[in-house]
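In the two complexes below, chain A is the common chain; its partner is chain B in one and chain C in the other.
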Partner chain A sequence: MAYTFSFPEEVLEHVFSFIESEKDRSAISLVCKSWYEIERWCRRRVFVGNCYAVSPVMVIKRFPELRSIALKGKPHFADFNLVPEGWGGYVCPWIAAMACALPCLEEIRLKRMVITDESLELVAKSFKNFKVLVLTSCEGFTTDGLAAIAANCRNLKELDLQESEVEDLSGHWLSHFPDSYTSLVSLNISCLGNEVSLSALERLLGRCPNLQTLRLNRAVPLDRLPNLLSRCPQLVELGTGVYSTELRPEVFSNLEAAFSGCKQLKSLSGFWDVLPSYLPAVYPICSRLTSLNLSYATIQTYDLIKLISQCRNLLRLWVLDYIEDAGLYALAASCKDLRELRVFPSDPFGLDPNVALTEQGLVSVSEGCPKLQSVLYFCRQMSNAALYTIARNRPNLTRFRLCIIEPRTPDYITREPLDSGFGAIVEHCKDLQRLSLSGLLTDRVFEYIGTYGKKLEMLSVAFAGESDLGLHHVLSGCDNLRKLEIRDCPFGDKALLANAAKLETMRSLWMSSCSVSYGACKLLGQKMPRLNVEVIDERGPPDSRPISCPVEKLYIYRSIAGPRLDMPGFVWTMEDDSSLRLESSR
Partner chain B sequence: MWQRSHKSSEERKLELRLGPPGEESLNESIKKCNRERNESPLTLGYFSTQKISSSDKPGPGGVMLSSAWPSTSYHQHQAKAKASFLQLQSCPKNMIVIGKDVPKLCCVENKTFSPSSENTTVSKRTASGSVVGWPPIRSFRRNIASGSTSKLPSGSHQHQHVVPGKVASTEPSHNSCKGLFVKINMDGVPIGRKVDINAYDSYEQLSSAVDELFRGLLLEMNLSHIASSHCCSGQRDSCGDGNQKKQEEEKANTGLLVGSGEYTLVYEDNEGDRMLVGDVPWHMFVSTVKRLRVLKRSDLPAFTRELT
Partner chain C sequence: MRRQKGPSLHMTWSCFLKINAPHSHSASGPSNGWVSVSHSCPPTRGTFSFKAAVTATDTTTKVKMESRSVIYANHLNLKATELRLGLPGTTEEPKKEKTVHAIRNNKRQVRQTSEESISISKASHVHTPPAKAKIVGWPPIRSYRKNSLQESEGDGIYVKVSMDGAPYLRKIDLKLYMGYPQLLKALETMFKLTIGEYSEREGYKGSEYAPTYEDKDGDWMLVGDVPWDMFKTSCKRLRIMKASEARGLGCGV
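Let's turn to the complex of A and B:
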């Protein structure tokens, strides 16, 4: 017996407005047709993990009242230059479509996308209430585009250019913020090469009382920093510019006073070219810090220890491997609340180790920091024993990315593969969501991952495995896998074809320098119409080589938008059966 | 990128066969592979789900014996592969065997790492030095340390330029390690030049460098100026004495910065303001200069008029 039990739409809408998580919203929309309709009219925020998975028109049609959109473009390996220039990720069609149809749009967040000055100008002029622009690892624009944003977006709150590649034509773009503009809350220009107009910056900071985040670029001199900080003592997050200047006592005391004057300051970054003598200026505020990014700071262990041991409330630390095992030991002793640690290599291409950083440092932190969840660690040696210890100490790890710098490095004690060590990690850390492998690894490690990595969502693999069985284990075993990226592994056609259906449950698969044949790609494209199978090959059309020849790079992603139309000459999308039938009927 | 391979007898043994075991010619097995491929490989069932039993927990030390594996020919191959793997069998990385269903042996150039090891230095270097995108760090995180492997000495530094061990320029406004190239334009000259400020230590050096850059043009302009203001060749040997000519040039050109000459050097600073070159100490100039301009002295009043 069915009965209709309907609230007025307004009531449902009101209830739905408390649901913010995208997953929950999607679940709501699947309940019934009327809920789908109500939900779509009140959805304000959408996250598109792959800009080619859906078309802008589709998104706008379904969610006509969007206020906030987040888009991701290039595959993650683009960060390491594995995706050739010009591959795609153009945001222009999205901006053009939204400019017409979503005049109330307030927020645009992009990651690894290409955005031009024209698009920025369109954003600046089309959205009257535009508030948030976050461009993470984007490219294709210049400071002229920023000037347009500054000049026109009266209600802008957030301008974040994190790690983007901006053609820096002039520092004057900042002066385009009109004198009447006062709503800035967050500004991140740390990626810009040239100096911005400091006087304009000072005036801007002075008239924006809600400013909380300020990430300066390297070009801002240290002796100007106190002046800037005095204009915004309410700052919560600060990225300094270059952290050295002539050694002068008054500069030091001004700096120290300026830092102390920012009573809310919790996060520090920047620290390019650190002059150690200026570090103590930060000491008075160390106990308040929760986040510290010293990944550009070329300071020694001793100075690092002195600094870090005062940061008792640190939650997140990014640092160079100058910290060494000794520094990590001190970190483990002082920072009991630590959640995230990233240790970057100071000399990634050097033959020999330049610092005394080994697996021991990570083991110490795993022992001393009970809340540690997220690890990114570059080192030159590792052992299965260390990995077991880390796994047993920290079953609460959710992100574990280990990069042993030399590919295929075995356990340095036993000379064996690191299969069982990583196996221990996936077995003990039951909530592991993200894993990056390195070192000498056979198919065995993938067996462990497939068996235990049930919550794993993202896996990065390089120079590992022996056969298709490895890939098969992962594709068949990891129930929650969304993103898989593989390079230089001997994986071929079999596992891929045997697990074709799995690919539709994932966001994307990247394989480069593997052994997947063109024939397999064609077949996959043919049989799976809801997958875009992109062959990326700079050697020329794959048709010019035998069908069994392996492709250079392969990017497979699910999509309801069909093959994209903006591919460069070195990318081929494998056609599916329906389009082939069309071809033959012409 | 692929080559036909001649299978060794061992490889043939390891090959997966669909039919009954026994001696088969290479060609036949290839034909079989092709036939297979034409049928829908989507129904390949070679991979049965093999779960590791709970007793097979990873433990410290050695490689696990694969007792959980059903004994298929595939499994046998795996065991063999493991053995051969541990024996450092290396094979050319790009070798693609025709029979696609032969699982590939791992190409292990077993690069061991230990500081005092006998180095296969060449391969090690090439492997980590020239592999694209490895190690996986963003490009702005490279070259943070200097080229040397020694650590930075501690201690204070008196001058921001004196930071030993750093390749990166200490100029905050420039990200490159090499030089601080700024544009230099000259009035009346449509094409500008670029000059590396970091290559000089003083204003004198800079001025002579600017001289060099615009020497030809300045000479021309001097000549035309001189010709117009001094009717005859009284002060100049038109056809000849190179030295004397040079002296004249130098006389005209050294006046560049002194202020009594024909031209003046100005610069645009980091705040966008136009400043006269020579007021501040050299290092301060270097840290704030954005571009240079050679102006005619006679233009100065107009120049200052522009500012007000």
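Let's turn to the complex of A and C:
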């Protein structure tokens, strides 16, 4: 039975415009050729999870009416210095292509990419209605590039430099926002090292009535904060600068009044170098807070407890392990709506624990916070018993990242591996999307993960496993796996080659300091033309070593763009059969 | 933020120096216990004291581990069998044993000192733990976060202070002081001595001790010879010398 619907294209387009999710859009485009055509002409937003999976030309050709693009570059482990400098992730070709073909582009969001001042200038000049620039963990640019954006983007709403490495030449760039510019909604300069011109900032804040998010950098003195806040009392999210100054009563009362004056304030961050005496200035607004980032605040348990126990509506807390078990217990008692907890280590390289934070803290939170979904926890000891408890308490966990600081640490009570503990997590938390493992782990944990981790999308593994069987369990069992990153595990060729087809269903696989041989990489590259198999090896060409020699680092990702052309000298893409034939005919 | 390790150090070590097989929690067996190690100061100077309780319950002498609550075999004089390396005549300060489950540190004291003169109440010494051989990219913390932590530690200008004849090194944060008078007062309190007044011509005349420091060039200078700000940035470490030794120091003297 076949129906022929002949809605006019405009109607279908209108209907499609209500579909925002990329997955749904992709599904629509697969229905039939005409839907594919209609959909591609009205797609406004595209997300490219790996900038090398597709070429800019391909994207622009398919979606000529794009307004918003998001790109991710380097693999996640680049955050921890595992990807050598210069590996890639250059956005320049994308900007150049879009500058010509997409004059109506409004939004660019980049993560872990390299962007230069030239590219920023090109953005500033090419897109007349440019609105949003978000650079997360990016690098390669200076404040001169920012000045170009400030000077030229009349309709800019969002400038977010989250955790990027910016060469801060001077704070003067901020003054490049013209006096006529009033459309700022979100500004995040927390990563900048130098002082920005505070008077320019004050004037900017004063003339932008829609400002909702302001994340200052450390260099902004505390005694200037009240003045800044008084210009934008409508603020919803604030990141303070340094949170200490000479103890003066008028500074305190100004600060307290300024905070209280921001009636919409829901999110706080910053808090570098906290002087505890200034913390009470925040107390009056605590009950409104939904998000609190104290991960730079070196304040003690006592002060943390006093603060957090007033934040009854907290959804998200990022904090240093100074919070200790006692503080987490208090958190569990006070913040019943908590969704996300991240506890960072204050002394990650010290041999001894410097704080009284153990697995107990996490257990308390899992008991007391029924809505807890997302956990990132650094600690020095863990037990299977604690993991069972957490798993049973919180089957609604979707993100569980545990980092036991010392690699291969066993269950501190039984001295056994933590296989069954993590097994309980994957078994009970049926919607788990992201998991990071640590501690002493054998192949068994991977068997559990392969068996139960059916919704798992991202898995991070370090110093774990015993044999290829471990990797095989994961690759063969985790149906929804998209990203797998592995370091320092005894995984070799067998599991990889046996599951080669799986790799095409994933975004990427990273393996460093494992046992995958150059020969296996070559084979994989030859047989899987739609995979880019990159061997990253700073010891020199892999050809100069025996073919059975393990490679230092391996990055495999699916791509329809073929091997990339911007590789540095320490990266080799394993050629597929067709290009090998070309090679030999030269 | 510097950690100060005091008497509770043995508690912190106990998490890592767990020796032998699990399961046995009996106090008499050597398995599943703790070796207590106390560091009184970095091994380069001063006293290093290693205390192991020895029991004679078995025919072979085994090292008995102390569990978290202190167990003293009542048929044994622990002090007599205590192994100590230290300057003759010096005694180690009595450790305050805690049966507390949590591992405490003395970081609070650093914060308090910003508002009052330095007083290290619990710890009589400062311990810098040995540097760990770092694995690249582990623990998985992003660079900007690592840098931030280091920055907040580096905000203070920490210098070691030694005194001739004293068994322990101290560490102070020069940033906490506005000038020489506060610094000297703090040193006097810390080491329980009088330093006296500084005069350009005669140094610290009339006092038994003179504070000296090693500057960036490796020269030993008398504290007070250069302007305070210059001193803060050039001082590498402090040494309180006997006045007789310090006579040759100081610029212009």
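As a convention for this text, the second predicted complex is superposed on the first by the 581 of 586 C-alpha atoms of A that agree within 3 Å, B and C clash if a C-alpha of one lies under 4 Å from a C-alpha of the other, contacts with A are read in each partner's own complex, and residues count from 1 in each chain.
Definition applied: contacts are C-beta pairs under 8 Å (C-beta built on N, C-alpha and C of every residue); 3 or more make two chains touch, one makes a residue touch a chain.
In this text, all values refer to a predicted model and were calculated from it rather than measured experimentally.
After superposition onto chain A, partners chain B and chain C are found to clash with each other. In the superposition on chain A, A:Glu163 contacts both chain B and chain C.
In the superposition on chain A, no contact is made by A:Lys455 with either chain B or chain C.
Of the two partner chains placed around the shared chain by superposition, chain B is the only one that A:Ala500 touches, whereas chain C remains out of contact. After overlaying the two complexes on the shared chain, residue contacts for A:Glu246 are found with chain B alone; chain C is out of touch. When both complexes are overlaid on chain A, the residue A:Arg288 reaches neither chain B nor chain C. Chain A has more of its residues touched by B than by the other of chain B and chain C. In the superposition on chain A, contact is made by A:Asp325 with chain C only, not with chain B.
None of the stretches 40-48, 58-66, 94-102 or 130-138 of chain C clash with chain B in the superposition except 130-138. Chain A residues 77, 79-82, 163, 191, 247, 272-273, 275-276, 295-296, 298, 300, 322, 344-355, 378, 380-381, 403, 405, 407, 412, 414-415, 436, 460, 462, 487 lie at the interface with chain B in one structure and with chain C in the other. By the touch criterion stated above, chain A contacts chain B in their complex at residues 77, 79-82, 163, 171-172, 191, 193-195, 197-199, 218-221, 241-242, 244-247, 272-273, 275-277, 295-296, 298-300, 302-303, 320, 322, 344-355, 378, 380-381, 384-385, 388, 403-410, 412, 414-417, 419-421, 423-424, 427, 436, 440, 442-444, 447-448, 451, 460, 462, 465-469, 472, 476, 487-488, 490, 492-495, 497-498, 500, 515, 517, 519-520, 523, 527, 539, 545-546, 548-550.
Taken in their complex, chain C has these residues touching chain A: 1, 3, 5, 9, 12-13, 15-16, 18, 21-23, 102-105, 107-108, 111, 114-115, 129-132, 134-146, 148-149, 152, 155.
By the touch criterion stated above, chain B contacts chain A in their complex at residues 1-2, 37, 40-42, 44-47, 49-52, 57-64, 66, 74, 78, 81-82, 85, 96, 98, 100-101, 103-115, 121, 124-125, 127-129, 131-142, 144-145, 149-152, 154-160, 163, 166, 168, 170, 172-175, 270-272, 287, 290.
Residues of chain A touching chain C in their complex: 77, 79-82, 137, 163, 165, 191, 247, 272-273, 275-276, 295-296, 298, 300, 322, 324-326, 344-356, 358, 378, 380-381, 403, 405, 407, 412-415, 436, 460, 462, 487.
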